[in-house]
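There are two complexes below, and they share chain A, which is joined by chain B in the first and by chain C in the second.
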Partner chain A sequence: MVLDAGTLLRILLWGLVSGSVYMLLATGITLIFGVMKVVNFAHGELMMTGAFVTFILSHAFGLNPYVGVFVSMAAVGVLGIVIERVGFRRLRGTAKINEIFFSIALILILQNALARIFVPRFREYVQIKTPYATEVLDLGLITLRYDFVILLVLAWATLLGLWVVLYRTGLGRDVRGTSQNRTAAMLMGIRVERVDMLTFGIGAALGALAGSLYGIINPFGPYAGTLPAIKAFAVIILGGLGSVRGAVVGGLLYGIVESVATFFLGGSWRDAIAFVLLIVVLLTRPQGLFREGA
Partner chain B sequence: MGALRRLRRELIVAALMLGLPLLLLTLVRELFVLQVLTFVFIFAIYAQSWNLAAHSGQFSLGHATFLGLGSYASIIAASRLGLAPAVALFVGPILPALAGFAIGALCRRLREAYFGMVTFGCTAIVQVLVVEQFGWLTNRWDGLDAPRLAPEGLPVERVAVLNYVISLALMVATYLVVAAIIRSRIGLAFVAIHDNETVAAAAGVSVVRYRLLAMGVAGYIGGVAGALNGHTLTRHISPGVFGLEDSIWPVLYSIAGGLGTPEGPILGTLLVRVFWEWALRRIGGFDSLILIGLMLALVVTALPRGIYPVFARATAALGARLTPNSVKQP
Partner chain C sequence: MPRLRATSLVTAALLITIVAGVGVLPALAQLGTVRLGLLTSMTGPAAATGEDQRRAATLAVDEINATGGVMVREANARLKLELVIGDDQTSREGAVSAVTRLLVADKVALVFGGLGSAFGMAALPQIREHGVPYIPTPSTPLFTRNQDMGPDPTKSMVFHYQATGLMYGAGIVDFLVREIKPLMSADRPLRVAWLYQDSPFGAEYVRGYNDRVKEVGAGIETVALERFKVGETDYRTQLTKIKALTPHVLVPMGFRGETVAAIQQAVLDVGIDPKKTHIGPTCACADDPLYYKDLGRIGQYTTILSLYSTHAIPKGATFAKWASYRKSYQEKFGQLPGLLGVSAYDAVHVAAKAIERAGSVDKRKVIEALGKLEMDQMVLPVHGGKIRFDPKYREVPFVLFVQEMFWDEKVKELRPVIVWPGDLAEAKYKQP
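Coming up: the complex of A and B.
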C-alpha cells in the first residue's frame, strides 16, 4: 500500500464519483420524506428500474445512454407518480408501519418483475456500455475517464436544476411550504396532494438518474439496488432527515469516506462502513438525528 | 395456578396445535409434506420472534441477524466445543440474545422507519464481522456444515419424522412462552410502549428496559429458529443468511397472520408457505414473489390488521351459530 499523490487523487476522484450517485439517491429519498414524511424503502428498486430502462434503450435500440437516461427519468418519474397515487396516498393517516409494509411489497414486486424480464435474457449482472468507455483525459498525475466527467456534469447539473425548481418556481415554493408545515400549506391554498404526487415523481426520477449513472460505472442486477439505498438512508440520517442540503453534503462526504476506507481496510468493509458511521453518529449525537430543514 | 387459568385459552390452542399435526403424522408419511411442514414450524418460531419485537413497537427489518447468529453459534458450539446438537440448540441462541440487547440499546431512541433502517444496517455489519473478523471460525463465504440433530445411523424417513416432531414441539413451546409474556404485565408494558412511548413512560413504564427485554427474548427465539433450521433442514450455514430476504419473510408471515397475536405468526407462516409451495410449482419463483408482493400491497391497503382477526371473527360467528341458546351480542 504505497500512498503517493496520484493514488490519493484517484481515491478521492472515485469517492467524488460514487458520492455523486449517493447524493442523487439520498436527495430523492429526503425530498419524499420532507414532504410526505414517508420513508420509501423501495427507492433502491426504483433506482434499478431506472438503470434497466437506460440499459435496454442503449442495448436494444442503440440509444446513447446519456440521452436514454432522460427517457428513463421520465418513465420512472411517471411510475413514482402512479405508486404515490394508488399506494402511499391511501395509507396516509393509517399506522406509520403500513408505509413500511407497502414499501416491502414494492421491493418484492419491482425486484422480481425486473428479475423475471432480465435474468433469462442476460446474465445476473449487466453494465451499461457508453461510446466513450475507452477514452480518457490525461491530467498528468491521473487519467480521467470521459464517463466520469460526463457523470459528474450530469449529476451536478441536475442538482442545480433541482435547486432552481425548489427556490425559484411556484412549484418549489409549494414543495418547501408543504415540507415545513403541511396544515399551514393546506390552509394557504396549496394543493398538498398534488405536491405529494409531483414530489414522489421527482424523487423517483432522481433515483432513475442515480441508477443509470450507477449502472454505467458498476455492473448491476435486479437485486443490486438495496445496498445503495440503505447507504443513502445512512447518508440522510447523517445529514438530517428531510434536508436536501444534508443529503448533498452527506452523500459526497460518504462517497469519499467509503472510497478512502475501502482502500485502507479492504474491499469487504466497503458495505459495512455506512453502518459503522451510522452507529457512531447514533451513539454520539442522537439529538442531531432529526433536524429537518428545507 | 393464576397464570395457568389466565392462559386457559392458549393451552387449548396449544393442545390443538400439537395434536392436529401429530394426527397428520399418522396419516401422511410423504417426505416432501413432512419437510414443508417442518419448515413451517421452524419459521413460525422465527416469525414469533419478529412478532414479539413488533409487539413492543420495534419493527425490525434486520431480523436475519438473529436467525444467522443463532445458526452460526449453535453449529460452532456443536462442532468446535463438542456439544450435542440438542444442547447447542439452546446454548447457541445466547449469542443472538446478546446481539438483541446490543441492537436494542443502540436503537433505544429510534422508532418505525428509523428503527427499520438501522436494524437493517446492523445485519450488513454482522455479515462483515462474521466473514472477515471471525473468518477463521466461520470459514468465510463458504460457510459451515452443520452436524445433524438426529442421531447418526437413523434412516432418512425416521430423521424426517424426528425433525418434524422436535420442530413442532419447539413451536408450541415458543407459542406458550410468547403467549405468557403477552398476557402478563410485561406484555401490557409492551403494548403501552407500542401505542405511545411518552404516555407509557409517564405511567411509570421503564421504556428502555422493556424494549431491551423484548429484543433480547426475540433474539433468543429467532436464534433457536436459526439453529434448528441449521441442524435439521439446511445442514449448512453461509453468510448469505444475512440478506434482505430472510429479514422480510418473518414480516410477511406475521402480517399475513395478523400482528400482535401469538397465533398470528403461526397461521401466517402456514398460509404463506403452503401458498408458496403451490405457487412455486405453478408459476415459478419470480411470479410467486410478485404475487406475494401484490397480495401484501392489497392487504396493507385493504386489511391493515391482517387475516387473523377476520379468521377469529369468523370462527366466533360459527361458534355462536352452533350453540343456538347463546346470548346474542347487540
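Coming up: the complex of A and C.
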C-alpha cells in the first residue's frame, strides 16, 4: 500500500479531531482535580448528558446544534454545580473512598436515567444531525466536512476563552490561587467554596461541549461516555495531574498516536498503543509532561 | 421463659412457612403453567433490541395461550405458557446472573432468545449444569460447535435457532461472486475489504467468508480485514486505510448503529465512492426500522444480507406468514418488528411444539423432542419449509437473501428490494 500525502493528512486529521474532544474532556477533569483535588469518575456521563441535551434541542425543537451546544453547556454546568453542592461539598474532609463511590454512583444514576429516557425512543445509538452534514470543504489533497471545521474552531476557541478566564480575570486568579494553596487562598479572603462550585460548573460545561461535538461526528448512547472518559483520565496522567496545558498537549498527542496506531497496526491496537505511550511517559517522567498548578 | 418459648415457636413456624413458601411457589406456578425463560438484554446498550425480543415472545405466548395453551400429556391438560424474562444487562456477568435466576429461582422449563453471542455463551455453563433445553438466537455457531459442551456436542441441550455467522459469511461470498464480480471485475479478482466488529460475532462472519472464498477459488482477493471494538463508533482511520487499498467491495459488519456509522463515515468523511466501491452486504442484525431511517440517502445501493426484512415481503409460500406476523405485532405494539424479535417469536413456537411432542416439561424429554423435531417453518424462512435441527450441529438451514437499498422520496427513507438469489429476487441488482 502506498501511503500518499492525502492519506497521511487524513490520519493526522482524525487524530486531531478525536484529540480535540479528549482535550476538552481532560481539561474539565483536570480543572476540577486541580482546584478541589476530587477525581470525578462520572465526567464521561456528564459528557453524554451534554450530548443528549444538544440532541433533544435539535431533534425535538429544531434548534441548530451549534446553538444548542451553548444551551447544553449552560444546563450541564448548572447540573455540575448542583452535583458539587449536594454531593462533593458534603463529602469534603471525609475519606477519599467516599468521593470515589459517590462518583461511581453518579455514573450508574446518569447512565440509567439517560437509558430510561432515550433508549425506548431512539434505540441504543443516536447522532446529532447538523444542517452542514453533507457540506464539504475542498482543501486540495483532502476534503473535509464543515462539521469537522466547526468542531475544531469551537474546541480551540473554548480553550482560548478558558485561558482568558484563568489568566485575565479575578475569577481565574481565585481559581489558580485555590489550586496552588487552598488554605492560603482562604486566608487571602478567596471564597474557596464558591470557587469549587464554579470550577465544577465550568468543568461540567466543558464535558457537555466535548459530548455535543462528539455526538455530532459519532453516534452515541447512554453508555458511550465511559471509554472517552477513561482516555481523558489517561490524558491527564500523561499531561500531568492538575495541568490544563498538560491536558491540551496530552489530548492532542493521545488522539494522534491513537489514529496512527490504528492505521498501521489495526483497530484492535487502538487503545493498547495509546496506553503504551502512557506507560512510557510514566516510566520516564512519572509526574507527567507538564505538572503544575491549574 | 414460656413466653420466650412461645415467641420462638411462632418465629420458627413463620420461618418454616416462608422457606417452604419460597420453595413451593415456583413449583405451584409450574402446575398450571409452563415457564419459558427469555434470556435477553432488557437494560444496557442492547436494551431496545431486547425489548423487540420481549414483545415478539409475548406475542407468541399470547397466541399459543389464546388457543388454550400447550397440550401436556403427563398433566393430561392444556397448560398455559408463562414468559419469564432474564435480563443479561448486555454483559457476560449479567447473563450468568440472569440465567442462574431463571434456572434456580424461576425454575423455567426451557431457556431461549438472546442478542449478543458473548452473553449467550457466558450462560452456557449454567445451562449445561442444569441440563435445561436452550434455544439461543444470537449468531455464533459456537453454541453448538463447542468442544466444552461435553464429549458429544450433538447430545447437548442446545438447539441453535439463528442463521450462523458461517452461513452469513458464505452467503456474502455467493452474492459477491454472482452479482457484483461480473459488474465490477469480471476479468480479475474482486478486491474485498472488511471492516468488522472484533468479537466472536464478527469473527464467525469472517470465518464463514474465508471458508467459502477458499471453496470458490481465485475469484476474490481479500485486501483488508480491519477490526473495531464493540462500542467504538469512530472508524475513520480504518476506512482511510481501506480507501487507500482501492477495493471493489467494502463489507461493514457490525450491529445496527455501528453499520450506519461505518457507511456514513465511509462515504461522507473518508470519501469512498459508492460508484467505485460496492458497500455491503451488511449484517442481518442491522435490519431494523431505524436502520432505514438513520442511514438516509447515502445508503442508496448498499446491500444487506438477511433472513427477515423489515419492509420487503418476498413472493412465495415460504414467506406467507410475514404479513400476518407484521400486522399482529404492529397492532399490539404500534411499531414494526425487527429480525431478532422474529427469532424469539419463532423460538417460543418451537419450544411449545417440542413440549407438546414430549408430552412433558421434563427437561430430558423436551431435549429429546427438540432433537427429533420436525415442524412447519414459522416466520423465518427455512430450506424445505420444515424446521429441523440437523443432528450434527443442531442448527437450522435458513434461507438467506440480499436486499438492495433505494431512496423512497414519498416516505423519505430507504426501502429494500430483494435482488438475490434469483428465485426470490424482485429485481436485478442495480449498480449506481
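The definition used in the following text is that the second predicted complex is superposed on the first by the 282 of 294 C-alpha atoms of A that agree within 3 Å, B and C clash if a C-alpha of one lies under 4 Å from a C-alpha of the other, contacts with A are read in each partner's own complex, and residues count from 1 in each chain.
We adopt the following convention: a residue touches a chain if its C-beta (ideal position, glycine included) is under 8 Å from a C-beta of that chain, and two chains touch if they have at least 3 such contacts.
Please read these numbers as outputs of a predicted model, since none were measured by experiment.
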Clash or fit, chain B versus chain C on superposed chain A:
clash
Let me test your reading of the model: by the given contact rule, A:87 touches which partner, first (chain B), second (chain C), both or neither?
first
If you stack the two complexes on chain A, which partner ends up touching A:209: first (chain B), second (chain C), both, or neither?
neither
Please indicate which partner A:262 is in contact with in the superposed arrangement: first for chain B, second for chain C, both, or neither.
second
Now for A:271: first (chain B), second (chain C), both, or neither, which partner does it touch?
both
Looking at the overlay, does A:283 come into contact with chain B only (first), chain C only (second), both, or neither?
first
With the two structures laid over each other on chain A, which partner does A:115 touch: chain B (first), chain C (second), both, or neither?
both
In the overlay, answer first, second, both or neither for which of chain B and chain C A:41 touches.
first
Tell me which partner A:104 touches in the superposition: chain B (first), chain C (second), both or neither.
first
Touching partner for A:69 - first (chain B), second (chain C), both, neither
neither
Taking the two structures together, which residues of chain A meet both chain B and chain C?
112, 115, 119, 223, 227, 266, 268, 271
Residues of chain B touching chain A in the complex
59, 61, 106-107, 109-110, 112-114, 116-118, 120-122, 124-125, 127-129, 131-132, 244, 248, 251-252, 255, 285-287, 289-290, 292-294, 296-297, 300-301, 304
Chain A contact footprint on chain C (complex, rising order):
43-49, 51, 198, 226-229, 231-238, 240-241, 243-245, 255-258, 260-261, 268-271, 288, 290, 294
So, in the complex, the side of chain A touching chain B is made of residues 39, 41, 87, 90-91, 94-102, 104-109, 111-113, 115-116, 119, 223, 226-227, 230, 233-234, 237, 266, 268-269, 271-272, 274-276, 278-279, 282-283, 286, 289
Residue numbers on chain A that touch chain C, as the complex places them:
1-4, 7, 10-11, 14, 18, 112, 115, 119-120, 122-125, 127, 133-134, 142-143, 145, 148, 217-224, 227, 259, 262-263, 266-268, 270-271
